[in-house]
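Notes follow the structure.
Chain lettering (A, B, C and D) follows the sequence in which the chains are written, and residue indices restart at 1 in each chain.
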Amino acid sequence: MDLGKGSNKSSANSPAVIGLIAVITVLLGVGGLVIAQLTPVLFPDQASAEANQIDQLFKVMLGIGGSIFLLVQGVLIYSIIRYRKRQGDNTDGPTVHGNVTLEVVWTAIPAVVVLGLVIYSYQVWVDIQEPKEDELVVHVEARRFGWTFLYEDERLTAGNGNGNENSNATRFPAPDLHVYAGQPVRLVMETEDVIHSFWVPEMRIKQDLLPGRTTEMRITPQLVDGRASDEYPLRYRVVCTELCGSGHGAMFTYVYLHEDEESYMQWVDSSVESVLNPPEDPVLNGMRIMASGVYGCQSCHALQDSREGMTLSWDAVTGPSLQGIADRASTRVSGQPAEEYLYESIYDPGAYIVPGYGNIMNQYQFVNPDAAHYLPKPDAEAITAYLCTVSDEFTPEELAENPLCDFDNLLSYSEMYTMDGMN
Amino acid sequence: MATASYPMDGVAGQVKRPALAEYFTWSIDHKIIGVQYIVTSLFFFIIAGALAMLIRWELMTPEITVMADGSQYNTLFSIHGTMMIFTWIVPFWAGLGNYLIPLMLGAKDMAFPWLNAFAFWLLPPSGFLLILGFFIGPAEAGWTSYPPLSTIYSPDGQTLWALSIHLVGLSSILGAINFIVTIKNMRPPSMGWFQMPLFAWATLATSIIVVLATPFLAGALTLLLLDRVAGTTFFDATSGGDVLLWQNIFWFYSHPAVYIMILPGFGVLSEVLAIHSRKPIFGYRMIALSSMAIAIVGFTVWAHHMFTSLQPELRIPFMITSMIIAVPTGIKIFGWLGTIWGGRIRLNSANLFSLGFLSLFVIGGISGVMLAAVPVNIHMHDTYFVVSHFHFVLYGGSVFAIYSALYHWWPKITGRMLDERLGKIHFVTTYIGFLGTFMPQHIVGMQGMPRRVAVYDPQFQDLNVLISLFSFLLGISTFFLLYNMVVSTVAGRVAGANPWRALTLEWQTTSPPPAYNFAGEPVPFEDPYGYGTDASKAYLDAMESRFGPSPGAEEERRPPSGALPEPQPAGD
Amino acid sequence: MADDNKKPTSEEQENAVTDDELKQIAGDVSPPDEYPEGQADALEEALEEASDDGELTAVEEGVTSALRATEEAQDTAPVQAFDSAVSGIQSAIESIPGAPEEPQDAHAQPHLSDTTVLFGREFPYSIYTMVFFALGALTIIEVLMAELLASVEIIKIPLLLSIATAKSALVVIFYMHLNHDSRVFAVTFLVPVGIALLSVLFLLGIPAN
Amino acid sequence: MSQVAVEQHHHEMSAEEKARSIDNQKFAMWLFIASETVIFSTMIVAYIVFRIQEPEIVKGVHEALGLSGILLVTFNSFLLLTSSWAMVMGLREIQRGNRAGMIRWFWLVAGLGVAFLAIQYYEYVQMASKGITLYHDPSSEFAGFGMRFYAPTAFHGAHVFAGVLWCLLVMRRASKGVYDKNSVGVEIFGLYWHYVDIVWVLLFTLIYLI
């Protein structure tokens, strides 16, 4: 490339030589283009408007980089083949010390290229960063090793039965992120413990969550090329990309990309509905609370369960699996009945540590609503009631006949564990 | 004062090495210390390499299968990274510099021999502390050790980790002060700044960075240790601290540290390519000055490691500086291409690794520019794309340069040649293993696999299995080198003073050099790369008549008809 | 680990060059002060010589012509400007002196003048004592200012910072002898101060939240 | 034509240049000082950030110290400044060949260093009694000040301590006549001592006055 520049200035060169250099230049350019066109196929879906821009920028850089790559490798391979030392040739090469013009050329051309890339990147960055109109605000809370998303909804007011009296009262929780095509989203993110980083590869956007700070990022989801209408909502992984401890790799959840507002609102409505009108049955209510992700149980525990229109599909590995927990609960600590074991495990996770796992679960406060980890007592009771029915050995009908826990007993136990500030 | 018992007479054709026991003593001879550094760092390289193999074994499945849990996996890559950086690449360059700089400058020793030994002996304890961490609850916060994970959430091994890095840091600073003083003050009067070998330039630039950047790490580690053991909260956001303070101070050091690891490699390349292509280095002054430019600009780019945590409006300035630093690097690469163009390229192991460096480093450089662009970075940050990028510059770059340096200067250090056939096998397996390991990592990174995970999306398993298989080849390839080194030390072909017919001063004495390096005052050939001139031929011939022919070079000078017998394999 | 490769015969050792002969050979070989002209020709010649058939490939011809063109372009203004800029840096570095010729003696008890001459008048105390008085006075002024201006931070802080800087400068210049010693020391001292200042300013610029 | 303008690189050194030429040990000491500057800067910046973010706490500390506290520290600063002066006077003596004179001055240097440390210790005790602790104590009204105060000052104190030991070593060697012909060994200790003094000049102003 550089060499071509110089030769054009020289009138002394034969047309054939100029032609050759032109051919090489064009070959390099075309080679770069080919590399740029082929490689981005390796990117995942473009599920956000930002993805288009970022991929385009990447493609441009890859094209330029590809040309440089071909130039360097070309010269290298050519030299190795052509100038390799022949057997018996003990002469030295020509004593050529350098060339100022070439120095200028290969300082200036990269500088100009780099400058161009800076300007282009800057434009893309400004575009991505720019606040959009009518952004949907979603609050993100991260903890080791999971995510909870909180959505604003005006139907929710303080004291509407979701139990939380604090600022989250007007928000409903979800373990997954739901967005729909064309609706810009602003994520307002906080972490409870260490640094995490929010990344959806298909949306190309990443932002760290820093202790003591609130960070923000913007996504504009879009329809994905080549996806049929019935494939929606598309499901992508949200992964943590900042090392956060033993469960870092397992710290992921999903983002659901709805095709349109209607489908998204259906999900919102059903979520709000379940917050406003929780099931009477404590078992089902416990399941609803867990499914909402509000306490982050899904972050560490695995559990597959579906009943009465609700499903839990968790596959985290950092904490002990909850699959069939009711069968084991009564035998974990000798002398402790199942319901007490389960309840105590929520109240004081360190009381009994399942072998092979660390003592990393949050210490929940049952009374003080201002506590960092507040879990109202009724919720704890409901969760315990639900967990008492999570059995592999018995069918729901059998459990109805012979429950594994005594629910009345549970209420009396729960009286024993109401002191706040127990540590 | 203890010095090595070298022969002073420097009789040709003989290899007189210091006794083995000297290497285990407090010696203040720079050549002993150089070898001590090199062997110690190789030892840690093997350990850290074994950890890498374990990492790749674990990653063949998307679940945790080999390790007990995620913590154990985190420990693996934390110690792998820390060891590779602080007890392998950095001290290796210190060792090579130690061995070569006084020789290249015609000096009898480093400026401060005692300090030199002290700096080395800080290294084994620090490596020992790192390993000790395994037994008392290891460090698992990665080599970057971001708080609060590394403070309130980490076991006691993290304290040992910090102490260990503190020691290495001190060792580097003392070593670097020594290098700067030696290079500035101990050249022969006739060797001006711009007649120094380029390796000396590279070491100078590296040392300046070490002196000015490593203290940032020392300061940050002091605060981290206080946080861990004294109950302070410099980095604890819940108690008035600031997590970004660590990231900033850490990268004040650790970005320049990238150049600490690669600049000596650039120096090696400038030596090896010129000597083995039998041509002067193309554009000496630009290659020398670009090292200094990199050292300076390298101080202004640190925050590109924080593109996803830094305030958005602060990211742009660092994008600009990070991209600008590609320019001096480009100058070097084009200069090297100019050097080999039209030369007599000897495809021996030393040169193969340098040419391999050139071809791989370009890829690392290009992906580096991509990562410097903020929008691309926020997709690629902390993914396998980044893992691939820095292995391309640190393995494809630094380690290839280290290999090249070993093949090139081994005859000088031990007096015996490394076996060429094994060397070529080593090169081919390393090159293929490397490409197979790290090329596909770009792809998994782009597609969505974050780094530092033992549990990953099962869709990436196929590629990860492929990567792991190639990485095992890469692991095995190292043994060709180790075997070669052992066999050569015992029974390699005798090298002679100057098997490569090189012009720089370290070759104008016996191999290995005698105590105090030169019998009498060395006479430098003042154009260190003046190959192809009559004067250089006369100088080399004169040197040959002084030290006797270099039998190690037989292969190089074999006439076409095959009049000489095949070169004798090692051991004969 | 005995090695029994051929030892040089006495004849060979007699034939070995002496230092003087070597100095003569190595004598005038410093690298060229400029890139000599006609390097493209030299390269072409060498390439022809090296190739099997004595001919250049098309690629080589192209490169060689390009090199010729670059040699022609060396007189143009931008190239000249670049070259003189680089040469400027180069001579700046070259001007850094090497080691003292006899390091032991160079510093044998330098008799630095320590009389104080201010405005053409000689003072009865040595410069060191004068500086000490100045340091004491500045410290007293500092404390006084800190107390008097306690509430006027906008004046107090810059004022105190400049006094502290002045005190440090006095120590560095007179007590640490930067006024007599090499400028290299001054650079060695000021560069890290600059780096530290820059990093401090940067960290101050980051909003806390 | 292009000029790789390399000046005649092995010319005779002028007298001026000889005076400015560089001694190995002195150069190494300056490089060490360069490193120290950067280490101190990390601790000082931690303090400055705190001073900017929590001016009230710092003001509270100053009030708690009171005028007597500030005067004590000022006196302590004087001790270090005086020791610097003694240091340079001692260096002058040995350069003039007066070994005994140098040792007399250096007794002053070491003594002032010890006095500085003693007063600093007394001050630490006072601080601790007011609830300014190294560890983070959320209940203290000065929460957060302690660690940012003790870290740089104690690090500096450690340097003074090392300096006192070095000073004693230099005196011992001087009494054996080591520096009679070449005083560089004394000079590099001087560089260290003055540098430690400079750091204190900055810390004093930043922490106690601003």
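The rule we apply is simple: a contact is a pair of C-beta atoms (placed from the backbone, for glycine too) under 8 Å apart; a residue touches a chain by one contact, two chains touch by 3 or more.
In this text the structure is predicted, and so the values were computed from the model without any measurement.
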| item | value |
| --- | --- |
| Core chain by centroid distance, with centroids computed from Cα atoms only | B |
| C-D compared against A-B, more contacting pairs | A-B |
| Taking each chain's C-alpha mean as its centre, the one farthest from chain C | A |
| Distance between chain centroids, defined by C-alpha means - chain C, chain D (Å) | 26 |
| Interchain centroid distance [CA atoms averaged], chain B/chain D, Å | 36 |
| Distance from chain C to chain A - Cα centre to Cα centre, in angstrom | 49 |
| Junction residues of chain A - those touching two or more other chains | 83, 89, 91, 93-100, 102-103, 107, 212-213 |
| Sequence positions of chain D contacting 2 or more other chains | 2, 4, 6, 9, 22, 24, 27, 31, 34-35, 37-38, 40-41, 49 |
| Residue list for chain C, restricted to those that touch at least two other chains | 30-32, 35, 43, 46-47, 50, 63, 74, 79, 83, 86, 90, 94, 98-99, 101, 103, 184, 191-192, 195, 199, 203, 208 |
| Set of all touching chain pairs, with the criterion as stated earlier | A-B, A-C, B-C, B-D, C-D |
| Chain D partner contacts - residues on chain C that touch it in the complex | 30-35, 37, 74-75, 79-80, 83-84, 86-88, 90-91, 94-95, 97-101, 103-104, 106-112, 114, 126, 128-129, 131-132, 135-136, 139, 142-143, 146-147, 156-157, 160-161, 163-164, 167-168, 171-172, 174-177, 180-185, 188-189, 191-193, 195-197, 199-200, 203-204, 208 |
| Of all residues in chain B, those that touch chain D in their complex | 111-112, 115, 173, 176-178, 180-181, 184-185, 189-190, 192-195, 211-216, 218-220, 222-223, 226, 230-234, 236, 239-240, 242, 245, 249, 285 |
| Residue ranges of chain A touching chain B (in the complex, touch as defined) | 2, 42-44, 50, 53-54, 57-58, 61-62, 65, 68-69, 72-73, 75-76, 79-80, 83-99, 102-103, 106-107, 110-111, 114, 117-118, 121-122, 124-125, 128-129, 193-195, 197, 199, 201-202, 204-208, 210-213, 215, 237, 239-250, 252, 317-318, 356, 358 |
| Touching residues (chain side chain B, partner chain A) in the complex | 63-64, 68-71, 73-74, 140-142, 146, 148-149, 153, 236-238, 241-244, 277-280, 282-286, 308-309, 312, 315-316, 319-320, 323-324, 326-327, 330-331, 333-335, 337-338, 340-347, 355, 358-359, 362-363, 366-367, 369-370, 373-376, 378-379, 381-383, 443, 446-448, 450-457, 530-533, 536-537, 556-561 |
| Residue numbers on chain B that touch chain C, as the complex places them | 11-15, 17, 184-187, 189, 192-195, 211-212, 216, 242, 244-245, 248-249, 252, 280, 284-286, 289, 299, 311, 314, 341-342, 344, 415, 490, 494, 520-521, 523-530, 532-533, 535-536, 538-539, 542-543, 545-546, 548, 551 |
